[in-house]
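Here come two complexes built around chain A, the first alongside chain B, the second alongside chain C.
Right after this comes the complex of A and B.
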């Protein structure tokens, strides 16, 4: 895992650092032109597709955010300037969705880091049966989030018949409204996301821990440093770059979460688990007010961009 | 070693094993429980305490496949997934080669452009897409969904293929150039066979992502092209909860992905670390 992360880093560096088209002898230049022409031939199909399925829709989204497109009414489509954004500023449900998205993202990414690291440290010693764990933890990450979300909603969290509700009852705490009480529902969807993605943090941490140099730890042991001290002064600083990479990748995924929440709670009860993605979905495809939906999605795009720039800055500083 | 130290070591080992077992249980259990429920007789599904001993049955699979639209939805999922995967690979492999090996202007900008396209929020693409497809009457068609699936399969395929091309020794192409082969035929005959494994892994990831996809499918498909991740909701309506057929269909959705995970475990981990799954 750490090795493959390095592969990505090398890939990026390779693509970035190579000086393109330095001046050379005439013969060389001709070769370079040939090479360049060939390269453009090779990438143009991809560029064309990306332009068509990525850039054009995003540009259209921004344009749509300044329009009124209301498919459920007979009113004609019209440019309405910043009206959608003014409406959004006064829309409590929008602010609530933004807040839920931030709570969901921050808490699930934090939990993934803490549990993933703790588990990686605890299971660092090679014991038999780790192969089984490696297979087991792959499952939540690659299986359809819709099936995962529906399975949690039914087999796991249904009062009386769900396995967790049964276990909690057996322990004497009584049945809980896991998905029908506002606070429990938010805890439940955060738990589902954490369950799904903690394996990722665990895998990356395990690989990084195995690759750490041994000498500083041996020296600290000889100096009589305790386990906690070694963790705080050696392990944690050495893991810092890894932690940032995990935070970046997991935040990006948490910000685009949709399937699992949609299938587990549908954003409910009420709007208790309605993250911004879900709100944009409902505005656009339940109410069919596409213009306002586009404005909400544009806001989401901006929030995502700001957060990723902040995180990448943090990474670049190290 | 003193007895107390041995004892402590043993206790530590026992703790590690308990933790390992607990972790396996936590992550494998929900999935196993879906599979188990799918082969439970109807009377054993809704019990408190949960039943662990029962006579396995395939009734729910029969019921699921006999439900209107389920077989069609599996066929739709397969068609859409396979076509968009193949298309993504065919387009991505040459581009990845160019990014990994060739020098050309704006290379850096263009590579970051592909990376950025991978991060765009899906709902942001979906809204204009829906509007456009609605206008040109392409809602509920294969083409509409296949094209939008390229927005996530293509950028990722390019990036993962770059890493595989970087592993190929440069000497091979140079040897081909000496032989007087044209650039493209050298690429096709010499380089591509070297990255066969990488292409397979890339295809696996494109397949998994497209197969699991839900948000685009639920909005852009209709009765004709509904995929299985959308159709499965039919078993869990407001009025009825058919856990048997639901888990049977869920198992059928998960099966191909689980098989792939067991075969290509190492490669999957590599792909995951490159951001291969949308989640």
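Right after this comes the complex of A and C.
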């Protein structure tokens, strides 16, 4: 959704830029107007669809965030100004959810970058079974997150029967409360997200590494640079734009993660893995307080937007 | 449905021959309306003095949860109900939590997409306060829609009828239900020379005595949710003498009784299998069926699985008894039943069709037929029929007689160990249930002490109630 809108904006800007470069004769001006009109005509269906499925619900959400719509209450619906936001400022569960969301996002994105890059580097040179390994690494990404959450919950982390718990017990560490201890549960959902989405970083890094110019590396080798030096002074700087792109895309996904946590822990134990998105959902659809839920969702939107803008600025500066 | 199934169905009915006898009232007056031919499967319904085909051609959509009893209902619906009434019924099967959300949104929007759903009685005060569903009295008292003698609403478990009423008016019809009972390995109890516990204190002692590394001493639902850990906690809370609200209407979840009850819950689960804080009834039932768990307190319906040798290693080694009594001296079982209401946003003809369906489903013949119906060869029996007359029928008692006293335990629980205020019956329940469920799980996972957890929840409930 967001991506397609960006593409659209870029395309429009492109058309406009082309036109403004041309010399301004009256005939050309008319042509330009016609072309511009045609361009708008061509994109209007998509704009209309975007407006209907994106902008209108978003506006409705923001309006709702200033209202009280409590389905499970006898109090009438009403416009209550900023009350929902005032309540949010004092709502410990909201601040907790915001904190959990940030911990979840920062750690899972960092892990995805590090592991994705390590795997991409390890599989860069032809090794036996490279094709099969690559497919194996990419597999988690094609699974539905809700299935991933359930599979981890039942097949991998279940005490005694789950693969990981079994392995950990076999190694003599004893069974761990993977999903029922507050700290372990957060580590588990971060691990699940990392497991599923590291393939994306791996894929992008692999493609970029293959396209890197070979000359600087050859020169560095002749100059006697070691592997670590080459990595630090050549690979990393050359990969920097890719890293930023991955961070942007993965952060935006991690901030609005939902399905895997929902099916693995339901936000629990207690509220230990309740990220802001899940909190907004539970406030809206379990507690049936739609107005406050809309306010939480609006806040999530603002936080996501601010973080995205900051990341895009970082990218633009580079 | 093909012929084979039909035959099997009729055979099932015949096997329960003595049960097919209807209340005398049904025979008192000869059936007046018989326009659907001589299909023997339809005969019990044609004794009702109403026009079953008055909403012919209508089609209604229902939301139901994936459960064996609803599978049975679905299986007999098309073959019997549609043939009897000419009404098409479409089922949408989704899990209970999602079902609640979907149903509430449909009702709140007034869109009338779903004529009815298999609901939670706790939601009826909410439905009623918003007039989302019709009071059922107007249907029950309309002689063109209901034959009171044939339907015999008084035969339905009285506690369920009360739980499904708001201020004395019935808003949902119980179609299936259960009692929460104590289920234990009688062989292990005998081996260790233990007596089945009669109090919560004795229950904790037995759990401690039985518990070993490969044989957990006890389990209760720990998974967070208004219908999960808040299915167990209310019974403990009331057994410890708790009250949901004081005389002035202030919530008292964090009273001494509440804190003691939650502390007991936390302490008892130290004898539970690892991970029980995330378990709902299926996990508990499977652990018990696999032999790794010695006892639990949960729905009596789990018996039909743990007593099935095909799915259980402990069949025949199980004892049943009522909830052990708490410090208040009370035994408190759940008042759980699946209830069906009529969406008030429906057009009149559809409302009629929905009522005919609810009446048909809750009626004695359908309850009886579906109890033993085999929708698949492995299908288990229904242990949640809604009628006292069926529970008291020797043929049904034989069908579900897993032990000598199983039926007695369930019936006594249903009659004596429950009360409609098992959980607070207020429209705000969805939100209250959610914060209470979080509090209970926070304590079970040692994130908060029972006192802290319930203090937090109680102040949330004050806010929810508009304080």
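One rule holds for everything that comes next: the second predicted complex is superposed on the first by the 274 of 318 C-alpha atoms of A that agree within 3 Å, B and C clash if a C-alpha of one lies under 4 Å from a C-alpha of the other, contacts with A are read in each partner's own complex, and residues count from 1 in each chain.
Quick note on the criterion: a contact is a pair of C-beta atoms (placed from the backbone, for glycine too) under 8 Å apart; a residue touches a chain by one contact, two chains touch by 3 or more.
The model shown is predicted, which means the values in this text are computed figures rather than measured ones.
Novice: Can A:282 be said to touch chain B (first), chain C (second), both, or neither?
Specialist: The second partner, chain C, only.
Novice: On the superposed three-chain arrangement, identify whether chain B or chain C touches more chain A residues.
Specialist: Ranking chain B and chain C by residues of chain A touched puts B first.
Novice: Taking the superposition on A as described, I'd like to know which of chain B and chain C A:160 touches: first, second, both or neither.
Specialist: A:160 contacts both chain B and chain C.
Novice: Scan A:182 for contacts with chain B and chain C and give back first, second, both or neither.
Specialist: A:182: touches chain C, not chain B.
Novice: Could you look at A:205 and tell me whether it touches chain B, chain C, both or neither (first, second, both, neither)?
Specialist: Neither partner.
Novice: Examine A:308 and indicate which partner it touches, taking first as chain B and second as chain C; both and neither are also allowed.
Specialist: first
Novice: Would you check which partner chain A:132 touches, where first means chain B only, second means chain C only, and both and neither mean what they say?
Specialist: A:132 sits against chain B, while chain C stays out of touch.
Novice: Would you sort A:66 into first (chain B), second (chain C), both or neither based on which partner it touches?
Specialist: neither
Novice: Both chain B and chain C contact which residues of chain A?
Specialist: On chain A, the overlap between the chain B and chain C contacts is residues 71, 153, 160, 285.
Novice: Residue numbers of chain B touching chain A in their complex, please.
Specialist: Spelled out, the residues of chain B in touch with chain A are 13, 16-17, 19-21, 23-24, 26-31, 33-34, 37, 45-50, 91-92, 94-95, 97-100, 102-105, 107-108, 110-111, 113-114, 117, 119-132, 134, 147-148, 150-151, 154-155, 158-159, 162-163, 166, 183-184, 187, 208, 211-212, 214-215, 219, 229, 232-233, 236, 241, 243, 246-247, 250, 253-254, 257-258, 261-262, 265, 268-270, 272-275, 277-279.
Novice: Taking the complex as given, what residues does chain A use to touch chain B?
Specialist: 1, 4-5, 7-8, 10-12, 14-16, 18-21, 32, 34-36, 38-43, 45-47, 49-50, 52-55, 57-58, 60-61, 64, 69, 71, 119, 122-123, 125, 127, 129-130, 132-148, 150-156, 160-161, 163, 166, 170, 195-197, 199-200, 203-204, 249, 252-253, 255-259, 262-263, 277, 280-281, 284-285, 290, 293-294, 297-298, 300-301, 304, 308
Novice: Note which residues of chain C are touching chain A in the complex, please.
Specialist: Spelled out, the residues of chain C in touch with chain A are 97, 101, 104-105, 108, 126, 129-130, 222-226, 273-278, 427-431, 434-435, 438, 441-442, 444-448, 464, 466.
Novice: Mind pulling up the chain A residues that touch chain C in the complex?
Specialist: 71-75, 153, 158-160, 175, 177-182, 265-272, 282, 285-289
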